[in-house]
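Across the two complexes that follow, subunit A remains constant while its partner is subunit B and subsequently subunit C.
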Partner chain A sequence: MTTTIDSPFHARVAGLAEQLRGSDDWRAALRLRAAEAFEKTAFPTTKLEDWKYTNVSSIAKATFEADDRAIDDEALEPTAIPDLDAHRIVFVNGTYAPELSTSVGQAGITVASLAGAVEADLQSNLGTQAPPEQTPFVALNTALMNDGVAVHVAKDTKLDKPLHVVFVSAVGSTGVDSHPRALYVLDAGANATVIEDYVSVGGTAPSFTNPVSEAILADNAFLDHYRLLREGANVSHVSYLQGHLARGSNFTTNVLCAGGALVRNNVEVVLDDESCECTLNGLTIGHGTQHVDNQTRIVHAKPHCESYERYRAILDDESEGVFNGKIYVAKDAQKTDAEQANDALLLSRKATMNSKPELEIYADDVKCTHGATVGDLDESSRFYMRARGIDRQEADVMLTMAFAGEVLEHFACEPIRELAAAAIRTRLSDR
Partner chain B sequence: MPTDTDTLHQLAKQEYKYGFVTDIEADNLPPGLNEDIVRAISAKKGEPEWLLEYRLKAYRHWRTMTEPEWAKVDYEKPKFDEIIYYSAPKEKPKLESLDEVDPELLETFNKLGISLDEQKRLTGVAVDAVFDSVSVATTFKDKLLELGVIFCSFSEAVKDHPELVKKWLGSVVPYTDNFYAALNSAVFSDGSFCYIPKGVRCPMELSTYFRINSAGTGQFERTLIVAEDGAYVSYLEGCTAPQRDENQLHAAVVEIVALDDAQVKYSTVQNWYPGDKDGKGGIYNFVTKRGACRGKNSKISWTQVETGSAITWKYPSVILQGDNSVGEFYSVAMTNNRQQADTGTKMIHIGKNTRSTIVSKGISAGFSDNSYRGLVKIMPGAENARNFSQCDSMLLGDKCGAHTFPYIEVKNPTAKMEHEATTSKIGEDQIFYLRQRGLEMEDAVSMIVNGFCKEVFRELPMEFAVEAQKLLSISLEGSVG
Partner chain C sequence: MLEIKNLQASVEGAEILRGIDLTVNPGEIHAIMGPNGSGKSTLAQVLAGHEAYDVTGGTATFRGEDLLDMEAEARAHAGLFLAFQYPVEIAGVANSYFLKAALNSTRKARGEKEIDAVEFLKLVKEKAKLVNIDEKMINRSVNAGFSGGEKKRNEIFQMAVLEPKLAILDETDSGLDIDALQVVANGVNKLKAEDPERSFIVVTHYQRLLNYIVPDYVHVLSGGRIVKSGGKELALELEDKGYSWIEETVGA
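Here is the complex of A and B:
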């Protein structure tokens, strides 16, 4: 049984490993470890249970080139989020672009590119939550990582405005790949909102973004995290987000998938002490031949934690949605309260939804539920509206918005709610 | 005074009630598997050439396959070289009535409480008892034959109705389907064959009891049920096995075909030896069960109560091919001690207006692992398909696991698909309520669990519902503490 695919990345990673060997720098050591891990595992095929519905051979077989082109404010303008008042840090094809970024002058807050971050801080955290051995994509990211964002929020400090981290794929005539990294370290009682925003500008050559994010929350810390996927139809995207929660901390991640070609988001959150709360919200707006795969895994390692998960997908044209959510409740994680819901709306005859809501439970005093539905717009609701003089197009928009609203109302950041609503309206008006 | 927990632990340790070995001379082939063994099995049964060819094709294909590992079960792989693939009680020629059956054999059935003559006289259930691979007695055959219903052992069917067997064998589960189905296709020993002709409603519930007896014998049953246009049959399968220390492999294949307007209801109570409380011994139950609703308005319904076996790997499925066809799956799976069960169903919607219902209740206790794994697939042509799935798990104790792995694949927007699942422990307030009214702890638990499973039990035929509740009570005792 073939479970791996040969890829041009292999030669690239092997070459890199040669260069890194012998260096005594800790970063080089980490990258070498990753390169070796990648050489061992390579790319997964659909024969592997976790990749059953997502075929990454288009990424594995393509040749990408690192591209260090610069872009200006004007090029970035169309991707701006209306009414968003935030600090901004921009990376173009994985490289920090200081001229496009604003500086955060607040005491107790460090926002820097990996190159500019506090070395000791980085060394003790980077790769601890998402070790390169975890999956081939994390290994690839770690091996090829050139830059990324490092955020540190000190004890009892609240970031005054959301931090808008923009990762731009600037595509020319050849495909580019970038492997950005994000590290969020929140000390006890710290509070922050971070928006990871993935956009693309320029040409239409097939490109690839492979980000890895790690969030480490100390006691009672609070992090509201967003992942906005707004890349062009030429960009494939495979992301990893690994969260680690200490006692009483609260972590929310909101994923909006409105762009990209092949998209795969992996989220794993470990609730590693009592009284943690974790919320995963996701909204997918799929069209064309997009393939959007959301994999989530919530690990209830300790008692008295709560998790809430809601993922919804609106799928049009020939788009394909995948949801694989796992709630894992460890032995002794008593009094766990976990809810998971996955709903999909198929707007077209050729759209497909594959859903796998899983529960793996080893403790008895728990409350775990999951639910999944797939269907099209409710004919009787539509009739109700049309009987009251609302035309079909408008009725469909209202019903779809109501469907999306169940997730969007949990997005705390209003400009992002608006952004998502606008994306749905645009989508439906194209029909 | 012993506490409730103690009482329950006592009951949990209760030895397997049906653990005894009947001493009958068995006619065994040497252990191991190769083409000669396949030929020998076929020759012993006096099979026609085409069936031998089928077995050999299956055997050759099986050799190219590897054991599936995706299920959430952990066990020592069976050593296929050490299994005896054929074991038949020494033949007593010309069995014309029950009186001629080996009295020791009848005694075995009596111990199980399924005495043939009693069944025959009192319950009106026709029983085709499969005792270690060869059918020893068949009842009510004449009565069924009047209606044109064929209900006999698989070997008899091969002799008497080769055209039917040839037509339908492997039509639902091809020998290439999976590792264990291929193995079964190569070495199946015997089983049941059931054919309901056009427009006939089978007047009685057909029933087969399986037992695994000779030590170290694999049991490879083959069941084939064909319901012609407008036919109806309710089929019962019940299983108990005597206590043995080494693991025994059971790899059965059940195929059901329902043509236009036909209905088949298949009910199983499975209570094979689950191994002792440390997980030693017990049956490996790797079964492929599948029904095909080939015709319009046909219906196939699976009901299962799984309380036995050390390892269960079983997914009774329905292929909803005909328009307006209906598939149902009702399951109770109970695991205790070191048992592991990975069971569920597959509903493949192909035809228009096809409907399926899945109700699964999992109860885990002791150190066991209980998984529901199910697939609902709605193909592009399945206009207005409808599925409702409900999977509830109950955990009794904090050392066991309850898992749910539903796969949902929808390729048609007019389909309506709903899945819900819950996992919880047994309600303390419910126990308190019952205890406060003077019920013993184990009675209270038994009552609550039976209530939890009621939706499934009421789908069972009367004879089975009573047995199922009793089995469940025995299996779950000692699990609350």
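Here is the complex of A and C:
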């Protein structure tokens, strides 16, 4: 058994480095750094503790092709989120599609395509939270980054509507890869809701989405972030989200995993000053042979911060769930309050869940709780409902919905709660 | 209404019901008494369609249909209601939502139109008053964190909303103080007055309930069989002499 994987990505990135050396694009230096970092690393294997349950060799070994096809509104229509009133920015296979996007004309708000003109403030922040040296996937994303979204919310400005950023994998007969990038910079007191929505249209060739997002919150800023994974069963997805919180800021990230083949989400949030609050909500609805791995790391660097983490998984068929929740409390971070819960509902005997909390605590006056459960639908509840006339199918929907509700009630955006509920209904009616 | 013949049932291979014969005509109230573990709840659960119990012999006909052949939900749709000895707590499902789903699936199965939110609210208010329950309870999760008495009252409340043809009350009186007991009895009696054709099977250990819900027949279940049947005076006699008296006289 080898410990490294030969990947066609290495040749691609090596070829790119040449090109970048002669480029005058503002991102060239960062991308070159990333290309060099990628050359020095290798894709993780299951020998690494953090990748024990998730084997990315299928991604590493595959050959993907960049694809610059265009799609129209009609193709996108089936992915619309009912009742969502939002600004919409669309990327197709990683490239900004202005004809599918709306413009945000609000004072104090900048929404830019990274491939276009980007203000200096945003430029200087790119790559600061998720440096390419961090992991091979971030290096790959950064090296291959051709486009993405950059958002700046000025001091004390509230984005009037959620920003719905749709990343479409438009798949033809060959597999495509895209490496979307998102950067959110919120000045002091700024407030925004951002929805990263990953969908796919077209063919079923195995494809790969490798997004990296950075969120930088200044004092008292507020960001409600969503990651909706609704890609087809042919798309593998490895994401990184890196959040940095300044004094009194409040960051929530909600992840709904309702699609994809192999999914691995990595979230790290650093609470870097006092009185910050961070919430990580996750709901996975898995079926078939889906593999959904959520890795989270919350760093309590300073005192008096709170973090809440709740991940739930509903797993059918032979789907596999993985959860790893790291909480790091620095020596300084007294009066930390950290709660973590991970619960899985197995709808099938062949579904599996691997859950692991990892608490690393160096302060002595903290409150850290964690708990994990795995179970199936409660037979006595189901009988009680049936005895009242509710049929088995509906009883299962209601019980599953109740299970999901414990997380969904913390999703502030109602259309997304509804979207998740509809996904559960569809899931259970397909059985 | 209900005709049970030689009903036998086992759970995990253990034989529990050993041949039950019982006929309940429209409008009748039957009380079933008997020592702990004699099979009273098993009978109730088998009739309601719990799949953990294997029916190994006999028949049960409910309003002309083969009850044992029906899914649990179909039995409810046909008008059978079981008030559970141990009502189940369902966190995250609101009582009102649960009841509305139950009522509507019953209506749908009967080819009636579904009840809308306004009508439902009206019905719920009316029935809540009937069984004297706090309307706040209706918006809480089904039985979650309810006291024993609240759970039992909630069963009666559900019964009042669902308006069954035959209700089986499995020890709904256990653990109730005298006020709550009267509420339960009132619920039953009002439902009976609404429709004199309604029938009830009341499983109880205590004759005190039977002061309020007056049975037409009293049966004693012991060792999975009905070992004695009689009128309401049998309950008094049992209270007086205990079950051992029956077991001795029938020589079981």
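We take it that the second predicted complex is superposed on the first by the 421 of 431 C-alpha atoms of A that agree within 3 Å, B and C clash if a C-alpha of one lies under 4 Å from a C-alpha of the other, contacts with A are read in each partner's own complex, and residues count from 1 in each chain.
In this text, contacts are C-beta pairs under 8 Å (C-beta built on N, C-alpha and C of every residue); 3 or more make two chains touch, one makes a residue touch a chain.
The shown structure was predicted, so the numbers you read here are calculated from the model rather than taken from an experiment.
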| item | value |
| --- | --- |
| Subunit C versus subunit B on the shared subunit A, clash or fit after superposition | fit |
| Partner touching more residues of subunit A, whether subunit B or subunit C | B |
| First (subunit B), second (subunit C), both or neither touched by A:E65 | neither |
| Subunit B versus subunit C as contact partner of A:G389, first or second or both or neither | second |
| Partner chain in contact with A:D6 - subunit B first, subunit C second, else both or neither | neither |
| Which superposed partner A:V374 touches (first subunit B, second subunit C, both, neither) | first |
| Subunit B versus subunit C as contact partner of A:E99, first or second or both or neither | neither |
| Partner chain(s) touched by A:D364 [first = subunit B, second = subunit C, both, neither] | first |
| Contacts of A:M398 with subunit B and subunit C, given as first, second, both or neither | second |
| Overlay on shared chain A, then closest C-alpha pair between subunit B and subunit C (Å) | 15 |
| Touching both subunit B and subunit C, residues of subunit A | none |
| Subunit A partner contacts - residues on subunit C that touch it in the complex | 48-52, 71-73, 75-77, 82, 84, 87-88, 90-93, 97-99, 101-103, 105-106, 109, 141-142, 158, 162 |
| In the complex with subunit A, residue positions of subunit B that touch it | 66, 70, 378, 380, 393, 395-425 |
| Complex interface listing, subunit A residues touching subunit B | 1, 49, 331-332, 334, 344, 346-376 |
| Of all residues in subunit A, those that touch subunit C in their complex | 378-381, 383-392, 394, 398-399, 401-403, 405-406 |
